[in-house]
Each structure stands twice: as C-alpha cells, then as structure tokens.
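The block underneath contains the structure these notes are about, expressed in structure tokens.
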Amino acid sequence: MAVALPFLTALGLIILVLMNIVFFMWAEFKIAGRVVDRYGPMETGRFHGWLQPVADIVKFLNKEDIVPAQADKLVFFIAPFVGFIPMVMCLVVIPYTYTLVVRNLDIGAFFIIALSSFTFVSLIMGGWASSNKYSLLGAFRAAGQLLSYELPLGLAIAGVVMLSATLNLSGIVANQTVWNIVLQPIGFLVFMVAMQAELQRSPFDLAVAESELVAGFSVEYSGMRFALFQLGEFFGLWALASLAVILFLGGWRGPFLPGVVWFFIKFYAIFIFLAFSRVSIPRVRPDQLMTLGWKVLLPAGLANIFITSILIVTVPDYKLPLAVCGFVILVFSLIFMRRALK
Amino acid sequence: MVPLSYYLVLSAIMLCIGIYGVLARRNAILILLSVEIMLNAVNINFIAFSRFVTPNTIVGQIYTIFAMAAGAAEIGVGLAIILLIYRGRETVNVDEVNLLKW
Amino acid sequence: MNAYLINYYYVAAFAIVGGLFGGLLLTVAKIFRPNKVSREKLLPYECGMEPFSGGWSQHTTRFYVFALLFLIFDVEIAFLYPWATVFRRFGVTSLVEMFLFIFVLLVGLIYAWRKGVLRWL
Amino acid sequence: MSGQMVAFFIIGFFLLSGALYIVSTRNIMHAVFMHLLTMSFVAAVYILLYAEFIAAMQVLIYAGAMTTMVIFALMLTRTQSSPEGMRTAVDNQQKGLAFLTAAGFLAILLFVVTREKWVPLEGVAKSTGSVSHMGGIIFSAYVLPFELISVLLLAALVGVVVLTRKEN
C-alpha cells in the first residue's frame, strides 16, 4: 500500500485538477463573453452552456489525428509529453493548507521554476518535428518569449525568498504575517506579467495568435495531441496561479473560513484577473514583448532585489519602509513602462 | 544505500562515452555535446565524493555549482565560435576546418 | 526510507502517472477518432498552398544571443536563491558581494543593450 | 536489493543509454533532444545523492537553458541538422581508434575505482545539502570564486555579442 500510495495520490490529484480545468474553460468563455457584452455559450446543456467544455473534450476525442508524412514521428509523439509531465510534477510541491500538501520539498519554489524550463524545449520539439517551416518559426518565437520571461519570474520569487529566508513553500506562507503583496508590490507586478507571458495567454499569445497566424508551433498538431499541449498549459496555469497565491497573497491565511477555502478564493481571484486581462488588453507586438521582458521587467526585478535586501539589512523594522518604498517605485516604474512601450 | 563505488563506476562509464564522442564525431556541435557528457560525469563524481567523503562541508556540491557556471560560459562561447566558423566556411565539421593544419 | 527519499519517490510517481495519463488520453482518442488518410492531409499545412522549400528555415543570431543572456541570468538566479536564504546572517558584507556579482552581469546586459542585440529587428 | 539500489540502476540505465545515443545517433536534433533527457537523469542521480538544489540547478541550466541554446545555434547552421544535410556523415573515420581509447581509459578507471578503499573524512553525514547550508558556505569561504564566475560570465556574454555581430 505504501508503495502504491504516491501513484494513487498522483492520479487523484490529476483528476481533481482536470475537473477544475473543465470549469476554468467554461468560466473563461463566460467571462470573455460578458466582458465583450455577449452571453458566451448558452445552448449546450441548457443551463448557461455548462456542458460546453465537455463538448469540447468530446470534439478533441473524435477528431482525426494527422501526423504529417514528413514529420519525425518519434519526436512528434514525445513533444506534448515533455510539456505535460513537468507541469504534473509541479503539483507535488503546492501546499493548499499547512497539512494539505502532497510533499513539502525544501526547494519548493525553485522546483517549479526549474521544471517550467522544460516547456520551451517541448515547444521546439513539437515545432521541429512537424517539419513545417511555419511551426518551426512559431516554436522559436514562443521559446524566445518563454525564456525571456522566465528570468523576471525567478527574480520576483527571489524577492519573496529574501523576506522568508526559505524556499520551502509552506515556510514562505508561515512567514507571511503581512501579505507579501504589500511588502513586494514590484515583485507582485513583475510576477503577474511574467506569469501571463510564461503561460502564453492573451496579451502575450503572439507566437500562437490563433486568430491571426496559423497557431504557431502547433500547426500540425490535431486532436488529442494538441489537447495534451493545452493541458500542459492549463496545469502550468494551475501551478503558477497557486504560486502567486502562496508567494504574494498569503496562501491559506485568512480569518473565519478554513484555510483551503481561503486558498481557493485567492486562487480564483487570480484566475479571474487572468481571464479579464486576456480579453481586455490588446496583444503586444514582438518588439514590445522583448522590450518589456529585458528592458523593463528584468531591471525592475533586480531593482526590487536591491531595495529589499538593503532595507532588510540596514533597517531593523523594515516592513513599513519596504512597503512605502516599493509602492513609490512601482508608480514611477509604471510611468516608465508606458514610455518604453510606445 | 548505494555505495560510493557504484556512482564512481557510473561516472567513469559516462566519461568514457563522452571521450568516445569527442574522438569519433566530426560535427563540432556534437563534439560540444559529448564534452557536456564528460563534464556531467565529473560533476557526478564531485557530488558523490561530497556525499560520502566530506558530507558536512559539502565542498563537492559547491564545486559543482561553479563547474556548472563555468560550463555555461564554455558552451556559450564554444557555440559562438562554431557559428563564426560556419559563417566563414559554410561547415561545422572539424576535419574540414584545416587552415592551421599542414 | 527517510522523508527526503519519500519526497522524491512522490515526484517520480507523479512523473510516471503523468506520462501514463497522457498515454491513456491518446489511446482513448485512438479508439474514437476516424482515420481516413489522404495525401493532401499528410502534407505540411501552409494555408492550402503546395509546400515549398522543405520544412526548414534559418534564423537570425538574435535568438542565440537571447538564449545566452537567459543562460547567464539563469546562473545568476541559481546563485541568488542560496544567497537570499542566508544574506541576513552575513549582513552588509553579503550585500556587497551579491551587488558586485549582479553589477558585473548588468554591465554585460547594458553592453548587449547598447550594441543593439536586445532590439527586435 | 533496497529501493535506492533499484532506483540507481533504473536511472543509471537510462542515463548511460541516453549518453550512448547522443554519441552514436546520426540525427543531430535527436542528439540534442536526448541531451535534455540525459541531463534530467543526471539530475535524478544528484537527487539520489541528496543534492536536491544542485539537481534543480541541473534541470534549469543544463537541461533547459543549454539545450535551448544548442538548438538555437543548430538552427543557424544548415548542415547535418537540416533535412538535406542529414545524409552527410557526422562521424569521422577514426571510430575504431576512438572506441579503443575510450575502452582503455574505462579499463584504467574501473581498475582504480574498484581497487581503492574510499574512507569518509568527516564521519557520518549529519547534514544534507540544504539551500541555506550551501549558501552559508558559498558566501563565507568561496566568495572569490563566486565573484570570478560573474567576470567569466561577463566575458562570455561580451565574447558572444562580438562574435555573432553582423559586420555592416
């Protein structure tokens, strides 16, 4: 039993997350619909189209799976797995409450950052194996984007790690008497922007851009293989949104309600933010993408580390100055960002 | 518990695979990949010794971190040199780059 | 087994189950989906036109420079995490050490910036 | 056989077959993708050796970043990595000689490794390589190498920018 338990845990957790993902898909349709003043899906399943995601899954299931004749069959087959499996592994470290966590690894946050670096190789594998020059080009642009934004993500996490002096995610939550969003406003902003770019969601989906281009690296992918790529992205969304809650919003901390409820309230707040930003911000241009990543977010992340470390070391009661400093600099950097992205 | 000599044998085999690759390949990028294999064999050795010989000062782990950083610089410059050769001579095969050979 | 090894036993189990789960999805899809291949379907998709000049395209060196910048700052981040967990213990000294490190790398970033490799075309 | 032993043999098998594949395949892109998997299995070996931070670093730097960089470099060359160049040979003519050298070297190494009695210098392990333990050592005893690494990385970056710049 002890030998099989991890496997059962894994299966159970994957299925739970999948059920949530089905809900995400529906909620995203509905939010997007409401924001652009439409209904979203209404027909499938009578009540507000609640069966629409199920219909989508059925569609994925019985869609013909075409592998181009010239494709490298083996790499074509492996690529979605290389994107999917690391994201599943991320589920191990995420603590929902102090006790409700699969395993509490010492390197928690770094574990997720390290595993997410598999994603861009999986994109390149998919794009190259398709033997289609457009998918290769799309894969390159997507990989360039992902690796540009992984750095700000890591720097934002480093700011939080400095406050809590541990990489362990439960430890980070336990140290947050004040939510880190107050102490690390710059870090939070950097994290949220970099997270959307990492997940290739709409202001940053220019490498996929399904409405303009032919879907970037996944041109040749169809049916369930394509769905597996998507699933990897959704599991990544799960991991990174949970990470945002744990690092910046105090994890399961909150009055009255049990911890796990608080966790998911915050989690869905992040999700709704992502869904709103997806439909309300226009897609960035490639040059803006690189400018934002390398010339705004990376220096901002480094500046955040400078300020945080100097204040922690020199000022004994650093919390108030840190919050004030961070907020002031945030306002200035927002003004600068507007200028840089012109 | 796996004894130290097992790890050493593993890394020895890996190192020799790398040596074979370096000697038998003519594509410069594949040679670099073989060098990477050798480098990682060395790193496994460092960490195995750090675990079994000096477990409390973890010197081997620290050395591995520095070796990784140096490896990053190495492969970056190595690939840039290969790109430069390719731009001048339209090849990345080391046996065709024989300007300094007589 | 101690807690450390159990941790990574779980990680391995998640990797295996993730792989099997993906395989299961593909197998289930294989049962349901139609399979009518034709020559046109198996061609690379280039918006309905006949594909030309193979599935290969060359790229600018810009991608490579970005990858190298990423690698270098990745190393920096890997040093940043151990530093972030201990810098209080060493006080100002460790601040100077790390700032020097970051500063040297920032010089590189600024150099690349001035040379125009961070510009997108 | 204990669980660790089983894990070691499984990891070792995949690691060595991955390495063999890299040095023997004719398809460069396959070699690079296999590099990703091999480096991940090296990280698994590190985990067995209680060096979890190094393992994560291995995945981040070797598996993720380096593989991407090698692929980006490969895409700039149009030789054996492109479909039309796939037919030219990737090995030279001295394969037999290379094999002999590697085998001889392996024999020497195995002789040394199996003959030697390895004695622990510090007694039984008390600590594993936790992140803060490691940080404490790097930022007290190894500050100079740490700063030199930054200079090395700077040199690499400047070198690459100079080398890949277009002359115009």
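Here are some notes:
For reference, chains read A, B, C and D in written order, and residue numbers begin at 1 within each chain.
We adopt the following convention: a residue touches a chain if its C-beta (ideal position, glycine included) is under 8 Å from a C-beta of that chain, and two chains touch if they have at least 3 such contacts.
Just so you know, these numbers come straight off a predicted model, no measurement behind them.
Chain centres defined as mean CA positions place C nearest to the mean of all protein CA atoms.
Compared on C-beta pairs in contact, B-C and C-D come out with C-D as the pair having more. Centre-to-centre separation of chain B and chain C, using mean CA positions: 21 Å.
The distance from the centre of chain C to the centre of chain D, with each centre set as the mean of the Cα atoms, comes to 17 Å.
With each centre defined as the average position of its C-alpha atoms, the distance from chain B to chain D rounds to 6 Å.
The geometric centre of chain A is 33 Å away from that of chain B, both derived from CA atoms. Residue positions 4, 50, 52-53, 57, 60-61, 64-66, 68-69, 72-73, 75-76, 83, 131-132, 134, 138, 146, 149, 153, 156-157, 160, 164 of chain D each touch two or more of the other chains.
Among the residues of chain C, those in touch with two or more other chains are 9, 12, 54-56, 59, 61, 63-64, 66-72, 74-75, 77-79, 81, 84-87, 102, 109. For chain A, the set of residues that touch two or more other chains comprises 70, 105, 110, 113, 131, 136, 140, 147, 165-167.
The chain pairs satisfying the stated touch condition come to A-C, A-D, B-C, B-D, C-D. Interface of chain B with chain C (complex): residues 65, 68-69, 72-73, 76, 79-80, 83. If you check the complex, the residues on chain C that touch chain D are 1, 4-5, 8-9, 12, 54-56, 58-59, 61, 63-72, 74-79, 81-87, 89-90, 94, 97, 100-102, 104-105, 107-109, 111-112, 115, 117. Considering their complex, residues 61, 64, 68, 71-72, 74-75, 78-79 of chain C touch chain B. Chain A makes touch with chain C in their complex at residues 6-7, 9-11, 13-14, 60-70, 80-81, 84-85, 87-89, 91-92, 102-105, 110, 113, 130-134, 136-137, 140, 144, 147-148, 150-151, 154-155, 158, 161-162, 165-167, 214, 219-220, 223-225, 227-228, 231, 286-287, 289-291, 294-295, 298, 302, 305-306, 309-310, 312-314.
Taken together, the chain C residues at the contact with chain A in this complex read 6-7, 9-19, 21-22, 25-26, 28-30, 32-37, 39, 41-47, 51, 53-57, 59, 63, 66-67, 69-70, 73-74, 77, 80-81, 84-88, 91-92, 95, 98-99, 102, 106, 109, 113, 118-121.
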